[in-house]
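Provided herewith is a single structure, encoded as structure tokens, for subsequent inquiry.
The chains carry the letters A, B, C, D and E, assigned in the order they are written, with residues numbered from 1 in each.
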């Protein structure tokens, strides 16, 4: 990384590279003055985003998403639980975000990354408060059994905008979710009905024949921006995040309602105009992401 | 850790090349082995083994437990090795952790056989009391008292001796229980079951120093090794487990060679060890 | 607003109604077919790609059937403060699993045994003296476990090390063989591993024709042992060709 | 238009505020802050030499430790720690005591809604007490959004649970200045109208959020007056001259 | 805000200011040099406050914010009480309640040479002067005055040391002598050394005197001058009866 091409003009290359390392802020500000970023993006443009559904065979729903080189793998495993007495008709979703040591040089084994529990919490807040999933749809037998959806998101490569990529992979994994057909056996336990066409032999009717997929209402999508002086940089890389510290994450749902406006401190203050600019950028981004997701889902259906 | 001068290193390597090691042994001779059984009265079985100045203690504890859902017809055996700071000051605190994991894993590979239980020194199906409900869980603990090389062989021998010293109370299932409930059991105070330990393999470690390999290396010799292979070999001469230590690679043909040497040595070792064990058992009975 | 319940309720994975697993492995007859239709001595198709993780100095992704692994290499970088001076470099290995790697949801914790195996398999191949006082970290994450996990991790790690430009004597390729009844099957999948009678895992440096790590469990006669070792050696050299071509592709891609 | 609140407050009315500084003997700075029944204690230690690993040694570092009223810390507390840390770092001048760590310990005494805002206010007062160099102060306010789209300020726990959404907002305090009026405006807005920190929960429209901002700014002026007053009260009067 | 801030810097002097307040507008003060003390910083044309406290002005042109903390930030020419933590070949490491340990070079004594390096054990209390206080470096101390004389500097033997806020220690050192010391000095004889870092050392022939003086000082932090005098009188009465 960063090493100049040997065949190229070595001295010139080295100077730029050294300048970038020694005076990162000035390096960026020079680019910003020309309304361009070192990776050739305009300020408001997000990086290329790709998505692959069903990446994990052993999970009930999964997705691999990439925003630039930030990569997330999300997988959902469905398990059965006894619902709590105050909400007997509701299932549950447990969301965990992991940053294994492979994803970034600052994470070491045995010492979990500081950011991981915070992103975890943000994700569950966002997904639950967006109302994307009706927890009632996760119910199997009222008061007896309900689904517990374990959503685990692994960051495979951390290069900025972790939350955006994680949220996208979570939404994609839920769109990919196939709930297994199950029935209630004599011991009161939920068992999987084998997929082969042996319907005639079944003593028990499946309890969730009709509910193989969740109805997802209003999907949340997010965009993280950096505020630096008067510039707004959409979808920052890890380098940009480390140099310019004021981050704003806006989450909008498909009908443009605000799910979250998250600005954890930062030396730059957000005034009303900046707030509106960030929201406008996010609106645009939501459309892009919705399209990418729709394409991925329809691509799966053809297969 | 052993700190050796260049001259000492050269001396050790030269000795091995000429088949005359610094303590007068040949490349394929063991140091004298002493076995003492029943050293820990609280345990179901225990033994102390000394090979030269290496000294280890192994104890076997049996507890009634529940078989795992995957293998309802098998008991469970766990092996754990503790490195006491008595043996070496660097084991203090968490210093011995890496070595103890390495030895524990190596012993599990060498003594517990494959996933289906084939080649295991201890037949796990003999530990079942009521299938799917009750079984014996064996906890085998090794303790390193004094460390002067060849710990794995010593631990293997100590475990073999401890197992032959082990008596497990006979258990009667008094009331058969239905469904999920646990059956009631009656543990006998008088009747004990003994293990047949003739099938328990011995561990032979061949340590490669220079072009040659030696058995029963001392810690000075181990510090000069390029790699070492531990073979677990049973009475039939079959290999029941194998682990390699040390970084550098070995030519596959050398490994085949080492296998046949190890098989040959294991025969002598088994005979020697079993006579020591029966002598120790006899000595214990007399007391 | 929806909130999570205070304490996590106990959950279980629903099991299939019938345990209709065909008893193919138990018998000693030679006629059974492997669950994925491979021949006994046929490996799964291997797929390697280097440069999977941008944030790392070097990385590789490997996919053998359902076994999917990512390995990142960091460094050589400053050793931990508590470490004493050392005139050769240090190798630090860690293998961990995702929570969804195994059929039943796990804890996703570190795997100490595999970490130490990975360390032993690699240390003989790396020129540690080229980076004194520093540490190279090799971190592996098993995304999905489909059998023969540790040999795949080891092969993938040696590619990642090559990608990071760490000096090595040779690539390290790993293969395992399962003993089922009288048969030897190479590169076993999870189902086969769960009922194997014995297992032999070998990692070697194919060009130097040297074994860096060898572990055996179960009971083996000398003849069988030799047969299994030969199988592994042949498979390792084939695997190494695939690994080498992957590196060549990556190198030629960057040159373009 | 008016909506009823259980405690009879008007929508814009804050609960009674109380702040006292220098209440802990050992800490280098401390403060307690209460809004109604919500009460938080903040203690500051440092600056101590050296920064933690993964922190920039070229700057001063602020470390926040959150102690809940009962039980262990979980993800929620970790998130609070992170928000507090970033908020406090953005109001402190980090270039003066480079390569030092200042620890801020937040002890929740009682939680009756608006907890995070209360903690931010307490931490800010404690930093003042410890004499940590700061660019300006920060005041935090919680705005709740009712089903009907009305905004109420400084909600109690009960109100927080009933509402469809809420926003924690942190603004700079309103400063006294010798500069001519208007010279401090940024893009036509006063400095104290810029958001330092914003955390929202629940669905709302963008207009509703902007409405929250407006109400929050109005309330932050009151809060910052209170903060200034309580700082004045507790500074040692230079007695011997009087 | 209701109270319209006036544009004259003088309106802030002797007022309580909080971080962020802009107290001086340089654009209105052309052709003047001003000196800034602790708690103030310059941002282009505006001088703003970074610590809460009272804005002070001393003629002709010095401005600073007077505040009181438990922690001390080293400032050149401050006299402080330090405790020896460790001794190295070149320096003693001294704790002066600051963010970093301070260095006291072994040669920074009157007539200090390589041959007569003083020996201080850990825990020794020193009365020293700060000579260097640069950000990012450990502060440097000296046991001599500016002319290289030992003056009063050096180790303090016997006596009793207690800690207080930096505000209180500044008050004790102010001139004219602050009421509490004056009142005590009229009745009792004692030795006192005050460090600007919030450490006070007291010594007297009888331990009871030491205790009275220490307590009187610690009590005086929030009292006015008259109150201090009354407090001292009450304390002395209690002892004499």
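Basically, contacts are C-beta pairs under 8 Å (C-beta built on N, C-alpha and C of every residue); 3 or more make two chains touch, one makes a residue touch a chain.
On a predicted model such as this, the values are computed, not experimentally measured, just so you know.
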Both-way neighbours, i.e. chains that touch chain E and touch chain B: none
Greatest separation from chain C - chain, by CA centre: E
Maximum centroid distance from chain A, chain identifier (CA atoms): E
Separation of chain A from chain D, taking each centre as the mean of its C-alpha atoms, in whole Å: 30
Whole-Å gap separating chain A and chain E, where each centre is the average of the chain's CA atoms: 54
Separation of chain D from chain E, taking each centre as the mean of its C-alpha atoms, in whole Å: 31
Set of chain A residues in contact with two or more other chains: 124, 129
Chain B residues counted as touching two or more neighbouring chains: none
Two or more partner chains touched - positions in chain C: 1
Residues on chain E engaged by chain D in the complex (per definition of touch): 1, 3, 5-9, 11-12, 16-25, 28, 39, 41, 46, 48, 50-54, 66-71, 73, 99-101, 135-136, 165, 167-168, 171, 174, 178-179, 220-225, 227-228
Sites on chain D touched by chain E in the complex: 27-29, 46-49, 91, 93, 95-100, 128-131, 133-137, 172-180, 184, 221, 225, 227-228, 231-232, 235-242
Chain C - residues contacting chain A, complex: 1-5, 8-18, 20, 52-57, 59, 66, 70-72, 74, 77, 94, 96, 98-103, 105, 108, 110, 137, 139-141, 143-146
Residues on chain B engaged by chain C in the complex (per definition of touch): 70, 98, 101-102, 105, 109, 112-116, 118-119, 227, 229, 234, 237-252, 255-256, 259-260, 263
Footprint of chain D on chain A - complex, ascending: 106, 114-115, 117-118, 120-122, 124-125, 129-131, 230, 245-246, 248, 253, 256-267, 269-273, 275-276, 279
